[in-house]
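Shared between the two complexes below is subunit A, which has subunit B as its partner in the first and subunit C in the second.
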Partner chain A sequence: MCAQPVTNTKEVKWQKVLYERQPFPDNYVDRRFLEELRKNIHARKYQYWAVVFESSVVIQQLCSVCVFVVIWWYMDEGLLAPHWLFGTGLASSLIGYVLFDLIDGGEGRKKSGQTRWADLKSALVFITFTYGFSPVLKTLTESVSTDTIYAMSVFMLLGHLIFFDYGANAAIVSSTLSLNMAIFASVCLASRLPRSLHAFIMVTFAIQIFALWPMLQKKLKACTPRSYVGVTLLFAFSALGGLLSISAVGAILFALLLMSISCLCPFYLIRLQLFKENIHGPWDEAEIKEDLSRFLS
Partner chain B sequence: MARRGGAGDGHRASATLSRVSPGSLYTCRTHTHNICMVSDFFYPNMGGVESHIYQLSQCLIERGHKVIIVTHAYGNRKGIRYLTNGLKVYYLPLKVMYNQSTATTLFHSLPLLRYIFVRERVTIIHSHSSFSAMAHDALFHAKTMGLQTVFTDHSLFGFADVSSVLTNKLLTVSLCDTNHIICVSYTSKENTVLRAALNPEIVSVIPNAVDPTDFTPDPFRRHDSITIVVVSRLVYRKGIDLLSGIIPELCQKYPDLNFIIGGEGPKRIVLEEVRERYQLHDRVRLLGALEHKDVRNVLVQGHIFLNTSLTEAFCMAIVEAASCGLQVVSTRVGGIPEVLPENLIILCEPSVKSLCEGLERAIFQLKSGTLPAPENIHNIVKTFYTWRNVAERTEKVYDRVSVEAVLPMDKRLDRLISHCGPVTGYIFALLAVFNFLFLIFLRWMTPDSIIDVAVDATGPRSAWTNNCSHSKRGSENNEISETR
Partner chain C sequence: MVLKVFFPTCCVSAVSGLLVGRWVPEQSSAVVLAVLHFPFIPIQVKQLLAQVRQASQVGVAVLGTWCHCRQEPEESLGRFLEALGAVFPHEPWLRLCRERGGAFWSCEVTRRQAPTAPGAPGEDQVMLIFYDQRQVLLSQLHPPTVLPDRQAGATTASTGGLAAVFDTVARSEVLFRSDRFDEGPVRLSHWQSEGVEASILAELAKRASGPVCLLLASLLSLVSAVSACRVFKLWPLSFLGSKLSTCEQLRHRLEHLTLIFSTQKAENPAQLMRKADTVASVLLDVALGLMLLSWLHGRSRIGHLADALVPVADHVAEELQHLLQWLMGAPAGLKMNRALDQVLGRFFLYHIHLWISYIHLMSPFVEHILWHVGLSACLGLTVALSLLSDIIALLTFHIYCFYVYGARLYCLKIHGLSSLWRLFRGKKWNVLRQRVDSCSYDLDQLFIGTLLFTILLFLLPTTALYYLVFTLLRLLVVTVQGLIHLLVDLINSLPLYSLGLRLCRPYRLAAGVKFRVLQHEAGRPLRLLMQINPLPYSRVVHTYRLPSCGCHPKHSWGALCRKLFFGELIYPWRQRGDKQD
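Up next, the complex of A and B:
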């Protein structure tokens, strides 16, 4: 096939068409071969500080877990009175509730159509039911060994961190599963507390920190990024402080973890972009960019 | 028995090719090959790869080569069958895993394939389709046995997702020591060269073909009102979602416009919803699955052919439609821009807006009468792609491959290790060694010398023509003795 005489290559230009018999062998490679190859057209340029800012979501969630465990430890040791925690939690929840509406001027509420009366109702229903069932929660896991409970809580909290919706569009993300795992962990841990009042308050606190607090954070991050950074720093330091009062080594390790996530990981992300080689060309499957559901609604 | 089954399978091809008396051309040739086509996809399964293998084999037989086909068993179709002109097909009893592709262990098919390669005295293994596990297995074994290998890639693949990263790696392994690769379009060649990290010199571009005598225009069967025809499987990759946007848009604008949609698939429900929602039952006809022989009868009813594919290596459908004299409107994806000249096709971006504009242009031309007559379009298109031309060009690939040296075992291991990356390379080098040892074991169990040589049905010493001319019984006896 190579032996085929290529007589008038100079005059005849090769065309990228199949319907014409061209005076070139079938395995001819033209200069235009792969000319439509594009690299990294969808690659994003990352700014270091922007990535650091985005990493704060992960920091916040790690700190939430840390604070939750620290509070549980204090309760377990009898150093923290349940009334006091309930009071503080209630107060901060009210402040957060007011803030939640103040930040965006009540726009989110208008959009969702949720009334304050409905909020109050669901809060009341939740508190009543948790209070009513707290003796059950307390005795639910009595037959299970404490070591199993601890192991299970660790796995559930890890699962909570893995499946949490950090804003990435991935298949693994499931905020429902994440929240459920956190609540399961809290029920497990609460059942090891001295009294059923403790268990009730622990579960309430878990709801506050794992369900309500991320909602407020999200809004803070979207509307007032500056205050969000401040809140994150404050939260991280309080979590570290709490941990320090229990274990110095733990606090140091936790601080290192936070540092590496917020500073080292963004650095690596940007460095590794240099090695990115994403190939695009006419062979790619075309994407339908329009919203076609409008034709069916 | 075998002949009847064969004629049923190759219905459309046999009709045209049986006109050529086998063996009329090969007398002038000096160099013939014993070719074995291997793919998971063959009749009774229907599709582009299947008809490609069949038509190519028929034309190669016509040129005097010996051709056999190896595929897996389809239901109770197993053993050996003869199709038109003595094309022998082995339906091997291998387990189908997914989408008609067999499961692969890289080893289990060696005894069977080796037996066939030896008894048929095969010199060139020609595998088809990168989706076929059996094709890759055959390549692997053929290289171990020191046979020449050719591979035809029929599809395009992306690079972005995890599954394509894995399959591309396997393709690299499979093709790194294959003698020659054939692609169906230049875009497909670029894609394959990138996917398998190949030297572009060993990749030839030989397009698919259609049988122009099967796709002739018939202007009298056209509807009075303007009709747009779509013939494709109703799946996401064929852009059926785009079609569901085009239908209401254009039907509202042109009250005399009709759609005929042939094909079946999971996206049919979307089209049915659209038809329901806009009350278009009398204007949008969904025909369901079409047999290949009915495609022409559907095509000739329309004026405009619409193809909304999101990816396509060659796209036979638009050539078939143009051959029937329809104006083609298609998305500009994959190899489609290479297939038809600009005056026969309107290329659009893959969006509802762009496709509607393209269709409106076609409708305007149709109404103003500036479109060429169907007969003229047919006469232009029929010169473009013929199977005889494909066979001629494929033959050149065989000629070139047959004088090349097959890599000996040590060089093959070196190639695998140097070409496929440190981890994959070593793993597959190890597997190649195991395969080689397995082959030695098989040769010790049943030496090549005691394997019967099959009677050639096709090729230079073709027994088929004699048998055929005497009686059909002869061929049946032949088949019975073969299967035993």
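Up next, the complex of A and C:
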């Protein structure tokens, strides 16, 4: 009984439409269905050295955290005089400030409309507030256990590394949260230092290394990639050297981590690209191609 | 069709005559109010009925005849009764008969037009319902507030019918004015026919109440005029007046007295009951107050009390000092910020020091103050209790101060932390859209915000502990004050008169009626006895509760906890803003 209509409709051509009554079951498709199959439309070809270059942002940030912890350790042990750190920090900040304007010839400053007076004001606000609050910071965590403080700082620094804006376009990235976590960690660590001057200088240093240094890096990377690679190498070696003076095992582990991130991970990424098999076809859910952001704003 | 005849029990043994009452066509029921005896002159009967109709606005009419036969019925009487139907035309015409010592009752209904209607049922069924006229007259029917879902329509109909019966009996009081000893053209038989109920004392009180009320009302208006004087509207006095519960209570009592002695007559029974309840409440209050006064002023108890009060206040202050010293150490092993802890502790210790010197300054006068406060008990127990509540509030002023400081500090911290936490995540509160939006901050804003956030976060436990301890103390005081206010409210709002009425005369407050079957025989009318269901006590209290002065907090527990968590101040009295709704 069922065979009768099927034989009749052999010559009727199947159409992929819902608005016409056709003598086929609902789940019927014909042979043309797989003709529209596409593979790896969005897959990109990566160049090994380009990936290595891009990974240097992660290296830089890891090194920043490492340098910060090393400096804090030196201060806590009393091996580093706060005046010396302050002088060095001030000098490097000034150099960085001059470089920041020199690299792009003052174009960035013109575009953002930031005046030198505003910069000075910001710097004054930093210095004044930190100096004013440093006695409070000193006694802030007296009754809290040192281990609690260390654990909190570790979590905050990890959070800083996780939420940092490495240039990826993801929802998790939040440069504000990342910076705030770094400042929180630095305040926690600074409160463990022996005197309020130490705390003041530690927090100032944290601002320099976590807020100002990435801004300069970004500009360096955009304008002079060659010097950026040099700076990254220099920074990484100095961080390794500092860590080596504290703990050899730590330095080796850190070096391995840096190596794996900068060399092994890009290699692995490119290898894994070969196994990529994304299929696309008419069964995909609808995708809005147009950029809708102009309607939303 | 069932025809209901409501017949008063007091007329059961009356001699034969005419049935006087009202016909309610909607319920097809006849409410018999009285029996009119032979002999009478029809014109005079009609005149009397017209007078009653005019006075009571009830359609009283002659409904039929009543025949009470002690022996065998006589033929001539029967015919005579039939003939009366022509003299007093009424539709339908009832002929009620009681035969042979009350064992048999019969009732005939005659309709003149009935045979002409083709579809009408031939014989009407008659239901004879006996009611106690006195109870029905005096009782006040309370219709049920919540009707059951099913049979709701039927219930309303039956309550409406019942209400009509009660209303008819209550309004035709004019009919019951005369007893059988009165010289009059017409003789009636009803509940008061053996003698009108009256008391000499009640009559005298009624006569005297008029001038007394007038005098007292004028005095009260004088007092209210003085209290409404402009001096009391100035800032510190009006503020104090609104916060002291004694002033509230006095104002409340003044309103009560104005209500009692107002020369206007109560318009409806509910107002009358409210007046009576207020009188009972005031009387009980003053009686309790006088008992307290006699107890206090006997055997120099005031002196003992005064001697005990100052050491108690001292002791409380000392305990507080110990508490603060404990807090300044490491209380319960908590990790407090030492510097802030010391600062707060010293600040509060200084406050207690101030307080102790204040108490010692006051101590010589305490006995006099207490003596005068004791005198206020003659105004009523509630006034004395309110004064006690105010004195407690004044004596624990230091605790209140601590609480306010702690709460303000804590509130500041909580709000600061919540907004800085938003800054920490790179968000901000959008006031216009009432939501949290993301926002890009400047570097210096972020830095200072995070710095403050860290500091506030690490200082929070210290502040929170101080806040917690002082809030617990404050809650203790508020609870005591709340209990006193509850007692005052109970005395103020308890409807004592209604409760007494319910206890001694349950029929006065009727919730409904119940029927008991007296006789159920075939061929005879069904006889029922109507009894009044008294109102339950809970509904008495609910219906007649006097409005309280409303100076107790109206927070729910959730709102209270929320307020406590966010460090908002809590008060035993209501906020001014709440009072309006």
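Methods note: the second predicted complex is superposed on the first by the 250 of 297 C-alpha atoms of A that agree within 3 Å, B and C clash if a C-alpha of one lies under 4 Å from a C-alpha of the other, contacts with A are read in each partner's own complex, and residues count from 1 in each chain.
Methods note: contacts are C-beta pairs under 8 Å (C-beta built on N, C-alpha and C of every residue); 3 or more make two chains touch, one makes a residue touch a chain.
Note that the structure is predicted; figures quoted are calculated from it, not measured.
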Considering only the touch criterion stated at the top, classify A:F133 as touching first (subunit B), second (subunit C), both, or neither. second
Touched partner set for A:E77, first subunit B, second subunit C, both or neither: neither
By the touch definition at the top of the document, which applies to A:I183: first (subunit B), second (subunit C), both, or neither? second
Thinking of the overlay built on chain A, is A:D147 touched by subunit B (first), by subunit C (second), by both, or by neither? neither
Quick one: is A:N278 in contact with subunit B, with subunit C, with both, or with neither? Answer first, second, both or neither. first
Using the touch definition from the top, list the residues of subunit C that touch subunit A in their complex. 330, 335-339, 423-426, 440-444, 446-451, 453-455, 458-459
Residue set of subunit B touching subunit A in the complex reads 156-160, 180, 185-188, 190-191, 193-194, 200-207, 237, 239, 241-242, 244-245, 248-249, 270, 273-274, 277, 310-311, 313-314, 331, 333-335, 337-341, 350-353, 384-385, 393, 396-397, 399-400
Subunit B-facing residues of subunit A, complex: 1-2, 4, 16-19, 25-27, 29, 33-34, 36-37, 278-290, 292, 295-296
If you look only at subunit A, which of its residues touch subunit C in the complex? 122, 125-126, 129-130, 133, 136-137, 139-145, 174-177, 179-180, 183-184, 187-188, 203, 207, 211
